[in-house]
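So the structure is just underneath, and the comments pick up after that.
The letters A, B and C name the chains in turn, as written, and every chain counts its residues from 1.
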Amino acid sequence: MKNSFFSQFAPQEPKFFPMLRNLSKSLVDSSSLLVESMKFSSQDKRNAYYKRIKEVERNADIQANNIFDELGKTFITPFDREDIHNLASTIDDVIDGINNCAKRITIYNPHPISESGIELCQFIHQGAVYIAKAMDELGSFRKHTSALRECCTKLHEIENQADDIYELFVKNLFEKETDCIELIKIKEIMQELERTTDTAERVGKILRNLIVKYA
Amino acid sequence: MKNSFFSQFAPQEPKFFPMLRNLSKSLVDSSSLLVESMKFSSQDKRNAYYKRIKEVERNADIQANNIFDELGKTFITPFDREDIHNLASTIDDVIDGINNCAKRITIYNPHPISESGIELCQFIHQGAVYIAKAMDELGSFRKHTSALRECCTKLHEIENQADDIYELFVKNLFEKETDCIELIKIKEIMQELERTTDTAERVGKILRNLIVKYA
Amino acid sequence: MKNSFFSQFAPQEPKFFPMLRNLSKSLVDSSSLLVESMKFSSQDKRNAYYKRIKEVERNADIQANNIFDELGKTFITPFDREDIHNLASTIDDVIDGINNCAKRITIYNPHPISESGIELCQFIHQGAVYIAKAMDELGSFRKHTSALRECCTKLHEIENQADDIYELFVKNLFEKETDCIELIKIKEIMQELERTTDTAERVGKILRNLIVKYA
């Protein structure tokens, strides 16, 4: 089972690597916008950022669809195809998650976002940067797997840290917040942020499986 | 990779088409009941509709399982099998989504459902009708893909419109509703309705992939 | 398509059966702890149980990853590999679900958990026991499928009963609870418990497909 990811389709189909790389660039664009948007609390500003994030998300949808189309037309083995499909669609899920976070912030329009909320956004962005780095490594990872392994470890650590921050924050929220509607808004936003770090970790799990299978 | 969806298994296994068609008929039954149920606001009436929708859902579960059994017993290539499985189980997910909407309406029993809620139900029903139409096209779509493409486009448009209605409504809800418990009820119901239009769009995405692969 | 699950990979790869068996033992450990934790209502005690459940969950994650690694390195057909992957990852999802239930109980720290909540925990535990029993049967199920079929039926029944309890309880909750924040806590916990019985039923559906394909 020592097929190489590289030899299996890279030479014949090198286009998948740049396509995945571009998709991960959209992810980083989207997470950067999310982090930046946290500096503002006026509804207009939030709306403007949400619009930009939504645009990136729609564009990423098209990028992911192009990857799926390419997979449908290209002869590679079903298993490999599944892996690429899985990778592209999970990266797309992270971008969707970021869009949903921005959507909830815009819809619920909470009073200042908490420090913990800002931290979760930063974790999402860090995860995005590691995913983009991993996409840069894909074409050559079987020669030196350490860089890709590092990305997987980091995504796992980020998820754990985000989890701790989330738990502590929500516990406090339910103890102290007495305005029920404000509590719902904050809870819904924090849940979506935490879920997005989970999704980013799923990308790490897929990459980990690729290493086992192909490196 | 120019296998034809038709030539691949239709001649040998034409039974999948009527089975999928029947499943999509259950979907339309279910979405019709949901739309109809919106006319009533007494808890008894809502309960009665929920019971009927639940019955359709349980029946659809059996239909989907029959398709999976058939797939397990029939020799077709793994990839094609995956496509049929995916299609049947996602249509079943839409039916589950409709059931969950009716369940939440019955459990939470909100005072009159909003205009926006009724609109979302109508979008779900429109989506169901396009899915049923697409199932009618499956047997012959490679000769003329335009009808199937049209269904995919419509499912995408419906999801976008539903999204806009949802966002606007929830934004307003959080600005104006002061009764926290009523707010939770409405939010939970609207979320489930919106999620169901998302699931219907996923059927469109699967169909789109089928066109790329087999047409 | 009369491959035997047994002949296909058991002789060559008997290690998958003990691995799945061990994973299902972690599931039972985890559900036992959840049931036990229900006896206590002090935050400290709840915290202590959550920590133990989390430990089981992290351990199960490693067990599931070992199964995936083994699948990546072992030559078996893609379809069979998919089945084992699906089974292991869905059992892992049930363990994650239990962890999320314990997490929510710890974070939200509701005043006494309702009788219905305790019942849902017991259903989850019963489901876990049936899943473990099914894993014991995997190696020999094609000779006598009845024990495995029984497990699937039970998982389905458990889910239906859990659903009824959940619906009745939440309906009552929204009619009677006037403390909005307490209501949110309880609703969120009950939703996670109910979702976990759903996930357990998904294991039953996967097993049912295995019977159709291989028995």
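Details
In this section, a residue touches a chain if its C-beta (ideal position, glycine included) is under 8 Å from a C-beta of that chain, and two chains touch if they have at least 3 such contacts.
Everything quoted here is computed from the prediction, not taken from an experiment.
Annotation, chain A versus chain C: rotation angle of 120 degrees from the Cα superposition, expressed as a multiple of 5. Where the sister copies chain A and chain B meet, the same residue numbers recur on both sides for under half of the interface positions. Chain A and chain B have centres, each the mean of its CA atoms, that are 27 Å apart. Each of residues 78, 180, 184 in chain B touches at least two other chains.
Those residues of chain B lying in contact with chain C across their complex are 65, 68-69, 72-75, 78, 103, 106-109, 180-181, 184-185.
Those residues of chain C lying in contact with chain B across their complex are 1, 78-79, 167, 170-171, 174-175, 177-178, 180, 183-184, 187, 208-209, 212-213.
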